[in-house]
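Pasting the structures here.
Both complexes below contain chain A, partnered by chain B and then by chain C.
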Partner chain A sequence: MSTPLSIAAELEHRSDAIPELDRGRPSWPIALASIAATTLVVLLPIGRSDLSGLMWLWAMALAAVVGLNLWVPVESWNGLVVKWTSLAGAIAFLLVFPLGRTNATLVDLGLFVVFAIVCLGLNLTHGIAGQVSLAQAGFLGIGAYVSVLLDTGRPIAVAGIETTLPNLPFLLAIAVAGMTCMVFSVLIGFPALRVQGPWLAFVTLAFNLLVFLVLNNEAGLTEGSRGLRSMRTDLTVFGIDLFETRNYYYFCLVFLFAAAALVWWIVRSPWGRAFKALRDNPARAASLGVDIRAYTLLAFSIGAGLAGVAGALYARLIEYLEPRAFSIGQSFDFFLATVIGGLGTMVGPFIGVSFITVLTDRLRFTGDYYRVWFGLFVVVMTLVAPKGIAGSFNQLRSWLRSLR
Partner chain B sequence: MTERAVVRVSNVSKSFGGIKAVDDVSFEVFDGEILGVIGPNGCGKTTLFNCILGQYRPDRGRVELSGQDVSRWPPHRRANAGLARTFQLLQVFESMSVRDNLKTAAQEHIGSIGRRLFRSPDLGLGATVDRLIERFRLGHLADEPARNLSYGQQKLLDTAMAFVSDPAVVFLDEPAGGVNLTMLGDLRDRIQDLNQNDGTTFAVIEHNMEFIFGLAHRIVVMEQGRVLTVGTPDEIRDDPQVLEVYLGG
Partner chain C sequence: MSTFIQISFSGLATGAIFALAAVGFALLWQTAGAINFAHGEFIALPAIVMLLLGEDRPTLGIPEWVPGIGGTALGGPLPELGIVLAFVVTIPLAVLVLGYLFKVSLVDRLLTPGGNDIPLVIASLGLALTIREYLRVEFGARPEKFPSVFGTDRWRPGGIAISADDVGVLVVSILVILALQVFLRRTFLGRQMEAAAQSPDTARVLGIRVDRMILYTFAINAVLVTVAALLVAPTTHARWDAGLSLGLVAFTAAIIGGFNQVRGALFGGFLVGLLQNWSAYYVSSAYREAIPLLLLILVILWRPQGLFGIAEERRL
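After this line comes the complex of A and B, so read on.
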């Protein structure tokens, strides 16, 4: 018996499965359906903390958007229309959804944005360049602590030296946080030149552990397990008061869009091809002139830099830092989000982070058993969709194409 | 054919533990020729290629490209200096399209790594790559991921990737291995075409005697890590030493 997915897998091996590029003609019904469904998805949740009344309508609209994306061939004019309306819809959703929400919801949304930045970076490091990293929470932590320590002017006492830390502008602190992580990533990038796969995972895991221990034990610098308060009280950037949680959410969103644009640019640039070559076959890549040392270090530092920037944003979003938030468990969550979303795809990190966020929320009732249920879901997901959710969409799409 | 050495290998040795895989080997690759490298299994042909192209560092000896010592260079640097190769087992980037495989093979020769991020994704390689795709008759598969290609088509792609950067010398490690008879003729035609019309220099390891004797201008015979003899195909065919190695005397 052949399941849809195995048929799709078979089709991938048939060279005649993909027809000649023929964009066809745009059709108005499809364009209108796409715009209407996307508009409903964006507008229905406005101002409602509880969707139950319109939930079914919203779910149908969302299903219509997903369905159109699956059904309409990507290369056709219709496909382009559907794709761009969906993308515009997603951006509009992130812009419009926060209107009329409580601060608690805005912080949750902000967390989604921050984690999505981390996973975008990890997707480049792991999904595109093939370098496994279980240290992203460590980089998030470095970024968070560095930014807070640099822009608050607090007094510290480390190794018998008492001094006062600088009070840099927030934007500069974010940049320094990102760059600090890039420097650290080069340190763990060097082992990556020698070891790959599971061994590289261990090396990065050890690094994350090290970061956690330093954050936890260097109390003179980090306040240790008591935690570090990082209030937004006097944070103003370009005349915008970021003390307002909504303003701060939009501030984070700008960074998410910039990160997505950056990753998109890199992946389609010559660097993207070199990264994929490094992932697919490093020995062949080197024999064709790809400097695998440079590209490995680049892959790590871009991922780490984005995690560092995300860390700086995280610190002021949560307003309280404790080392536990940057332990290896969080690194696994980033790893799983990226894998479940779909490695090497542009939408994968977004899907993965939404999935993990929603799952964490839905599983709250399980209390202490949360990790058990979460692990079970991950196992099932890996079995059902080994290429992640985005990867399964692609398989489903080619299966649908074969039906025509 | 001019008798100018593009690649000069002088007294190169490479040992693994107690085994001397390559033992004091010296020879030259002349500009514009097709040089065959033959010898029984395990005689060090592939190790020799790995020393020339940087996958291994020779224990002793020098490898020169146009008079420049490249013995200590990493493989990517030698590749960018004009030494291209294929491997014994075919090596393509499976998840990437045929076109992207070739662009990857060509791009690292263009400009600096930093500049490349800001250039157009195509780097102006589109036309060169398309011409090569047509030349290797992969046109209908240009946008197909390499893993969807048949073994023979992947082998063609693998070979094409070695040429796209217009290298000084192309080292082919058993290009005819696992290729069917029709494809074999195709492969020979293509190597000859590139050699005669483009002046590409080749060094070719091969076990298929008919194939290499019909193709090469000169042949290096190796045995137990050493060069046994060098000569034209006719000289090699009549050499009693070579017969002894292959037929066990």
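After this line comes the complex of A and C, so read on.
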């Protein structure tokens, strides 16, 4: 899978400035190799819990896909074929990998999908608009609790008032969860975005801790540290039974694809270009008429809104909410995962989020030390590859080009 | 009234430790422009090291690579003596690792003049995670009791309960901060450091070795965090995750007081300690951490230079 922020994408936008793009000739061998390798990567793991004997084949196919993306010039016809095949492969992988898996694995994968939405949002806020937010877990928590409280019809007692909660349809609850986070992000962001850089990090961190304290202490509303049940029993959307874990996984996947499409579109829209101008040189952006505060607020609130939607999905995936899941430590994880993946790229959040979800179990050889190594990895990456994994991949590709 | 005095007094003692932590945090920011998100872990780590060196704790998981240095090798039969000696041994270790190594390996590489300060934020968050998780894996997740150097005496003059630990903490922190202030204001070296912090270019022209001064700041910070660890650990216990809340409190205090002033961070520390104790008693103990955070948000929004800070000109 290649990154849409790559040279080709940049060039497409500046096609007015560059007279003609030499796309070269499409070559069948490269196209076939790309399709074959991608197909192997997607199809081999289906229904297998252990690749063992086929592991080398799978690894080679994956290496071939990565290698092709690295080697074939992105703006050529071949490059486009490789890129779109890889993208289609990645989507297909997410669709077919869950076939024949246990519910526990599906929940693991679901967590990847849900957290990927969170990191996509953060990538927009930080990677595209350059605002450091350390409240992503707080927004995830707000979204989770709001959605669960809105669609259960539970009786509650807060501040002496006893009432029954509404019982909204699930989809509406998800929308309200996202909106609530956007409202909160505007409330906190409107004044906070006067200050930028590390200051915003401090404000958002303080906000996240406040959210945690409220979730933990307002037991009348949230059940506090005892935890809140959020079962999927009787949960149906358009007649689809979401109690079935596999159905719910696909339900979350729809939201992930929608979120990715949204971010992809924003980055390419005039908004996205304003965001980037803002990130790269705020003073110049302001002098060119970009309303700095409006745009940073927009980026911040879209990121928060995505986290809120993800929170609503998370609640029903885990079926149990406790405030600890939304602590500042979790916000640090989202932040570091996004940075490690590669800020400002489309693939980055997916790579990064795998480090804090699916890979935590796969890399068992590290034992208890997994998170120690993750922390060290972050430190080393900031020193040697500050652009993250996806960013370094792009750099490596440009370097390979310069050799030719 | 006596309750109020009692609460305020222990609030001052807690605040004194916060002030120590906040002053170190503010010094690094002021002098080197370094925002250290691992500051809390820099306090949690020496606490556990001191416990390891100073006392024989069979319950504390000790990493295999650490040579057998229990309480008998370094301390005497008295645990207090053990901790004091361990403190003396930990200081140079902290200066080396949390001061020198931290500066050369991370800060110098990530902070370029006029550059972006976010890479260091990222790296220090990663470092904090590494230290925290390492402590959890190697020493265990259970909080360990940490002895107070001042003993466990309590007095009740006029119906106000006062513990020896609170008095000792207050006196030692104030002495340390006074000494630091005198050093920065009255000694030649201290004046050079101030100059390097306020205007590095002018200082360089005047022949001050700015890099050397920045290095001293890191060393001072390492000493401050070790003192803070010694004083705070009897209250918080030696815990792997103590750094999360300590770091938060340190920068809350530093920002509330004023980032660019040692004095500001000092007042900020006391203010946060007092606010926490007052709100715990008069409002709700569950929200004792919330009040300083609300103040933090208000301060950043309306007075980013801090309550006691001096506004800096905005640079682009």
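Keep this in mind: the second predicted complex is superposed on the first by the 369 of 404 C-alpha atoms of A that agree within 3 Å, B and C clash if a C-alpha of one lies under 4 Å from a C-alpha of the other, contacts with A are read in each partner's own complex, and residues count from 1 in each chain.
Everything below uses one rule, namely that a contact is a pair of C-beta atoms (placed from the backbone, for glycine too) under 8 Å apart; a residue touches a chain by one contact, two chains touch by 3 or more.
Being a predicted model, the structure only gives us computed values, none of them experimental.
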Which holds for A:F332: it touches chain B only (first), chain C only (second), both, or neither? second
Go through the superposed model and pick first if A:R371 touches only chain B, second if only chain C, both, or neither. second
In the superposed arrangement, does A:P191 touch chain B (first), chain C (second), both or neither? second
Using the superposition on chain A described above, determine whether A:P270 touches chain B (first), chain C (second), both, or neither. first
Which touches a greater number of chain A residues, chain B or chain C? C
Would you check which partner chain A:V353 touches, where first means chain B only, second means chain C only, and both and neither mean what they say? neither
Classify the contacts of A:V379 with the two partner chains as first (chain B alone), second (chain C alone), both, or neither. second
Does the superposition put A:V290 against chain B (first), chain C (second), both, or neither? first
From the superposed pair, tell me which chain A residues show up as contacts to chain B and also as contacts to chain C. 283
Chain C residues touching chain A in their complex are 35, 106, 109-110, 116-119, 121-123, 125-134, 137, 244, 248, 251-252, 255, 284, 286-287, 289-290, 293-294, 296-297, 300-301, 304, 316
Please output the residues of chain B touching chain A within their complex, sorted ascending. 53-55, 74-77, 79-80, 84-85, 87, 91-96, 100, 103-105, 107-109, 113, 116-119, 121, 123, 140-141, 143-145, 147-150, 161, 165
The chain A residues in contact with chain B across the complex are 12-15, 18, 21, 266, 268-274, 276-277, 279-281, 283-294, 344
Quick one: in the complex, what on chain A touches chain C? 132, 188, 191-192, 194-195, 197-199, 201-203, 205-207, 209-210, 213, 216-217, 282-283, 328-329, 332, 335-336, 339, 368-369, 371-372, 374-379, 381-383, 386
